[in-house]
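First chain A sits with chain B, and in the next complex the same chain sits with chain C.
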Partner chain A sequence: MRGRLQGVELIARDWIGLMVEVVESPNHSEVGIKGEVVDETQNTLKIMTEKGLKVVAKRGRTFRVWYKGKIMRIKGDLINFRPEDRIKRGLMMLKRAKGVWI
Partner chain B sequence: MYDFLRFFPENLPDLGFKSYVFMLEKPKGCGIVIRANSPEELRKKLRGVKRRAIVGIIGKEAVCREAVMRRRVDVILDWEDRELDYATLKLAAEKDVAIELSLSKFLRTEGYKRMHLFERLRQEIMVIRKFDVPFIVTTAAENQYELRTRKQVETFFKFFGAEIPKARLYAQRLVRRYFDENYIMDGFEVEQLSNSGVV
Partner chain C sequence: MLRRDKKRESRIARERVFYLIKRAEEWKNIDYELARRYVELARKIAMRYRVRIPRELKATYCKKCLYPYKAGKFRVRVRKSRVIITCLNCGFERRIPIRPKRVNRKV
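Let's look at the complex of A and B:
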């Protein structure tokens, strides 16, 4: 995928190894957690920060992700699936979304 | 707040809108209007739409019901004899197709017919609120005499129970979907290009 949609596959792949930052959360102490994703479950991301391993829930949070030279902003609700299911479900979401041509 | 117009004005006065979307049948506006008399005609015309633009549909009840199930359709445009039943509105909420509520049809009609339009609007808004259907409030002006200010449009539909902040959000989303480079889908957008070499 080129141009505008480059990196759109982010919601259809696992996030282990990606650099993420929590930018919005109902829990204020979670905002600003930044680091590399070392593990992922259906509902949580395990982020290795400078202060150690942090477990952050996906639902209700917004993440900033560095991916393919771009900084993406993504709501955790969109990735609230098991990593192995995300390829199927993420692609389905992209296909159903209006204005996205993949 | 965006206004959706059906004509291309030469000089537009400041009416309080952020910007305008020109829904035209000729392919020069930022939106395309498709008129169809039957679902078959609609499908045929939709296949011909190649350009990235907001696609609006004008048609009768069967056409509207077919239109909400088409991925290429973004908005069901408003006109005097539009009929949307309960099932179509529910389906529009599921399929993320916006419903246009326009002011100009009330300006063009009078008397008994206008009263019926008020009644239909009230019922549509009730179902829209129930299923959280995407909707936009516009003037849908076909000439300069049907143009109204943003405040007039919003106050009119607010009186009938429409949630105006939501209508603004849906209109903005509709425009960003095609004309914002950084917007991908709801809750997913590009902030900027990264300077660091992080993968």
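Let's look at the complex of A and C:
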């Protein structure tokens, strides 16, 4: 599939402050965690839900993200970098992928 | 060869830095520790992508311990023609000189 990729910004952008829901996870009790991201590390997102702060690993999970009025699904493996590395390494990773235009 | 798009990177980095410092400002009364983390992240991004943080934003947090200044946690005094901002968390003093307006001597 060729063409401009949607939501490239989201990989380089700040996730702090976004609404996020865990859609897929190898751990069943994590599915359905929904809330605002308050902090981020290399391997985890810290999500503030109604029941309190939850720490969810990025690898192997799929997230649903509300961003600029759109809803997107993003694989956690794509953002598995340190938050400050994500701009450089995230964009380069997409460039290396075959058939992706950014 | 694949090249980095540095213009794009620095544009995104600038957005993120400003956003994080603004957010730290909003959160400092809710969660002080988290607000500090936002400043720390903002500075990390700014240093890596060489984004300059403007002076008015730099003056919103302590340079040493990175806690944002909030009411009751900092002191501002004018001494010896300097503004002296003291952080009451770590005691670090930041001195900002006040320069008198330049007078044109030739006139």
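The rule is simple: the second predicted complex is superposed on the first by the 96 of 102 C-alpha atoms of A that agree within 3 Å, B and C clash if a C-alpha of one lies under 4 Å from a C-alpha of the other, contacts with A are read in each partner's own complex, and residues count from 1 in each chain.
In this section, a residue touches a chain if its C-beta (ideal position, glycine included) is under 8 Å from a C-beta of that chain, and two chains touch if they have at least 3 such contacts.
Since this is a predicted model, take the numbers as computed values, not measurements.
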So, after the overlay on chain A, do chain B and chain C clash or fit? They fit
May I ask you to decide whether A:97 touches chain B, chain C, both, or neither, giving the answer as first, second, both or neither? first
Pick one for A:71: touches chain B only (first), chain C only (second), both, or neither. first
For the three-chain arrangement built by superposition, which of chain B and chain C touches the greater number of chain A residues? B
In the overlay of the two complexes, what angle sits at the CA centre of chain A between those of chain B and chain C, given in steps of 10 degrees? 130
According to the stated criteria, A:28 is in contact with first (chain B), second (chain C), both, or neither; which is it? neither
Tell me which partner A:12 touches in the superposition: chain B (first), chain C (second), both or neither. second
Answer with first, second, both or neither: which of chain B and chain C does A:83 touch in the superposed model? second
Please indicate which partner A:51 is in contact with in the superposed arrangement: first for chain B, second for chain C, both, or neither. neither
Rounded to a whole Å, what is the shortest Cα gap between chain B and chain C in the overlaid structures? 10
Shared chain A surface residues [contacts with chain B and with chain C]: 17, 96
Which residues of chain A touch chain B in the complex? 4-5, 7-8, 10-11, 17-19, 62, 64, 66-75, 77-78, 93-94, 96-100
Show me the residue ranges of chain C that touch chain A in the complex, using the header's touch definition. 2, 4-5, 8-9, 12-13, 15-16, 19-20, 23, 34, 37-38, 41, 44-45, 48-49
Contact set on chain A toward chain C in their complex: 9, 12-14, 16-17, 38-39, 83-85, 87-88, 91-92, 95-96
Listed in rising order, the residues of chain B that touch chain A in the complex are 52, 71, 74, 96, 177-178, 181, 184-194, 196, 198-199
